[in-house]
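Next up: some structures, all given as structure tokens.
Each of the next two complexes has chain A plus one other chain: chain B in the first, chain C in the second.
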Partner chain A sequence: MILTPLNAVLLGVVLLLVVGFYGLLITRNLIKIVLVLQILVKAVVIALVLGGKASGNLGLGQSLAATVIVADTVVAVVALALAVQVRRRVGTLDLAKLSSLRG
Partner chain B sequence: MAAILIGFVIGLPWLGAIVLWRTRDENPRLQHTMAVAFSIAAGVASLALIPFASAETAISVPMGRYFGDLTFTADGLTVTLTAIACVIGSLAVVFSVEYMHGEQQLRRYYSFVLLFIGAMTGLLLSGNLLFMFFFWEITALCSYALISFYNDDPKAVAGGIKALIITQVGGVGLLAGALTTYASLGSYQVSDLLAKAGTIPVGLLTVIAFGFLLAAAAKSAQFPFHTWLPDAMEAPTPISALIHAATMVNAGVYLLARFYPAFKSVPAWTMSVMVIGLLSALISAISALIATDLKRTLAYSTVSQLGYMVYAIGAGGVFASQFHLLSHAVFKALLFLAAGSVIHSVGTRDMRRMGGLGGKMPFVRNVFIIGALALAGVPILNGFWSKELILEVGLEDSPFWAYALMLFGAGLTAFYTFRMVWLVFFGPERDHLHVHSAGSAMKVSLGILAAGTFITWLLFGGLNGLLSSTLPFHELEHETLLEMITAISSAPATWLALLVVALGVGISWVRARGFQLFGGGWLSPLVETSFGFDSLNRIIAEGVSKLAGQLSLTQTGVLSWNVVGILGAFLAVLIFLVWSV
Partner chain C sequence: MEVLYYTLLGLGASFCAYRAMISKHLLPSTLYLAGVSALVTVTLYLLGAHEVAVIELSVGAGLVTVLLVYALSVVGEDVIDRTSIIPKPLAFLIVAGIGGLVIWMAYPLAIQPDANGEVLLANVLWKHRALDVWVQIALIFSGVMGVLGLLSEKVNPQGQETQAHEIHASSEEHGIAMNCQAIQIEQELPV
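Now for the complex of A and B:
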């Protein structure tokens, strides 16, 4: 594989995805999970711009990326607020402990 | 104009449902009045729609590429059934004013009744298969909610859930048929399916035809789905009259009649339709012979009469089936409402405890006998003409054994109908029940329906003209009332059928003298389990629930495992893509 600029960015996207998924697999802290999800979303944003560039429709890719950034910021804020509430009410942020509270 | 009326017919009941949902149960008088006003307005609009019947699309709303246009067509078939649904709907609501007097939660009751009427007319008028499915499911939902109306009674809740599950199975058939139509024609329009059915490959057309047959059988409680209708009798009686006799169960027959021209060339389809109708008619007629619950007996007879209509469609008599549908809707609504006033007044549905009620409620006895005569097929009542028409079609266009069995079924019908009449209204008083006569709201509904039982067969010529001029694909022959009367009264088949009916009535009279009407002998265990189909239902339901229990192991709710699942699926897709390149 020749390292064209496009390929280099693609490699970056894949690396970010790998980091994100690995993080999701091993993380148990709720706030860290929000952070890891942010890493995954950043990979997606870059992939959107990359896809726009590759298909010759850069404007579309950029506008989709901007939309995702806005939407995702809201999601992150709500998720963090929920995490704070969980900590206050349950007293822990550990996912394993939280899921044992089910039922 | 047609477009505005269609808007009224669907919109008024739904508007009524929303308004009634907002009312409060402290004011039942207001609730009764509003429900009656909205349903009668819809009934008037549906009658006004009849002169505007045409094969053209009346309303077309674009809904984007994937849903097709939302179209409404008011042709002869739909305006007739819409009028039946709205008029009998308003009579049932008028009847409810007295029947449901003093009940709790009228808000829920009337909202669902009106929602049902609107959905039923929508289902009939819709010219788009996807939206037809949408309305189809709403009617099933309303049926469930109303069967389980007395939700503190476990039997009512179980009956509602059974009806919901079985009609959902049918709904899957309708959806599969609609999606297959879209896949092969690129359109959901009913008119496209009828016009271009010949261009669909036979294999796909078979899928559509049998999918629709599955839907129709489940909705109309036909074999092998005939088990839900008798259990649905836990509903308040006006609901049984409206939904489970006069309208919703007709949707299946309507579906078959509507698409008959498209499917008649599919191998084995007409034969399957005929056999399903035949089996339903016979099995439920036999069940009705020994049932002791008044409403269950009527439910069995409904399944049996629907079987006659389905059989007629299988034999090619689309018009005969629709004519019987009209007659049946009127006389069966009459029978159910009359049974409702009996039940309302004596407080039990068990015919073994009734008897000798005729002298105490003469009006109800008289209208019930009118309905019973029509159901048995005794001349000049509407049931006679339409049943003879079906038997005539059967004699001409179906195998002789099928005709002979249907004729036997007509005899059984006469027998169980008069067994029911003797048990409820005649003979000695078996139990000292406190009886109070029917009130004016009940009498109005019953009187109108009894008059209808005498005269709706006079609409033959008009109905025939309406259907033959607005259904371009059905190739119906035009026949006037007079021609029909001469044809039926001069046919030897008619006299044979009358003989069988007279035999049925005679035997029931003889047996009524001997008081041997309760014992079912070896039949009882068969009927109590719906000829084994109840246990089949249970096996399927339990199997599905067990499978779901086992599959729930895969739903751990643990994030790490979910991520593993996502990654695994992602890898599988990636490997598949690489492989296929």
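Now for the complex of A and C:
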């Protein structure tokens, strides 16, 4: 495997994706899930810019990356607001306990 | 040399992400996430995406970190249960499959870059992707509403209604008692 600069960036993207997906699968705290989603989106942002650079259209990659950053920030804000409200009303942020609630 | 920089940045960002994931407390996790964002910013800058690097640094390392810290200050520090919902070996297998799939799909693109003439971000964003700008405006509006939800005080409509009834009832009882006392005083007073 030839380690070119783009390959090195791809390696970082894959590592971030692996850590993010693993964290998403094993995490139970609502705020930590938001945090892990941020890690995943950072990997996606690098991948978009990398794809734009590799295909010779860096402007398109940057444009899509900016849109993803804005969307991800809004998702984080809304998810945090929901987590805060859940914590105030139910008293826990644990997914397993929230899933067992009835009524 | 460039390969070394990218490799170190990728490994550093992955290490910070791993520490953010396994940390027992949420505040160190947030700070590690800011570290990931800073390293991602340097990577983006080296790739030539200067505008996105600035956005990532200001939004990812700044705004999101502040929001996370504020949310933690509101909800307090919970004890994090480390047991996962699905078995960890199964999660590891799924993640390994995803990583292999990404490498299999993206590796051919990364070894044969197609270096055409580059187009400026402003041209792409304002001419070809104008709809994205409108979507971003709508998303920012949604984000503002989310911030309002995050900053809102504790609201319990039933509790407020109950409190209002209690206050009204107690004031009525208090008023009746005051009237009775006034009548008694009037009766006791010599005319």
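The criterion applied here is as follows: the second predicted complex is superposed on the first by the 101 of 103 C-alpha atoms of A that agree within 3 Å, B and C clash if a C-alpha of one lies under 4 Å from a C-alpha of the other, contacts with A are read in each partner's own complex, and residues count from 1 in each chain.
The rule is short, and it goes like this: a residue touches a chain if its C-beta (ideal position, glycine included) is under 8 Å from a C-beta of that chain, and two chains touch if they have at least 3 such contacts.
On a predicted model such as this, the values are computed, not experimentally measured, just so you know.
Comparing chain C and chain B on the residues of chain A they touch gives the larger count to C.
Touch criterion met: A:53 reaches chain C, while chain B stays clear of it.
In the superposed model, A:87 makes contact with chain C only, not with chain B.
When both complexes are overlaid on chain A, the residue A:33 reaches chain B alone and has no touch with chain C. Applying the stated contact rule after C-alpha superposition, one finds that A:73 touches chain C and leaves chain B untouched.
Of the two partner chains, chain B and chain C are each touched by A:21. In the superposition on chain A, contact is made by A:95 with both chain B and chain C. Of the residues of chain A, those at positions 21, 25-26, 95 touch chain B in one of the two structures and chain C in the other.
Those residues of chain A whose C-beta lies close enough to touch chain C in the complex are 2-23, 25-29, 31-32, 34-36, 38-39, 42, 45-47, 49-67, 69-71, 73-74, 76-78, 80-85, 87-88, 92-96. Chain C meets chain A in the complex at residues 2-3, 6-7, 9-11, 13-14, 17-18, 20-21, 26, 29-30, 33, 36-37, 40, 43-44, 47-49, 51-52, 55-56, 59-60, 63-64, 67-68, 71-72, 74-75, 78, 80-81, 83-86, 88, 91-92, 94-96, 98-99, 102-103, 106-107, 109-111, 113-121, 123-125, 128-129, 132, 135-136, 139-140, 142-143, 145-147, 149-150, 154. Contact residues of chain A toward chain B in the complex are 21, 24-26, 33, 95, 99, 102. By the touch criterion given at the top, residues 557-560, 563-564, 566-567 of chain B touch chain A in their complex.
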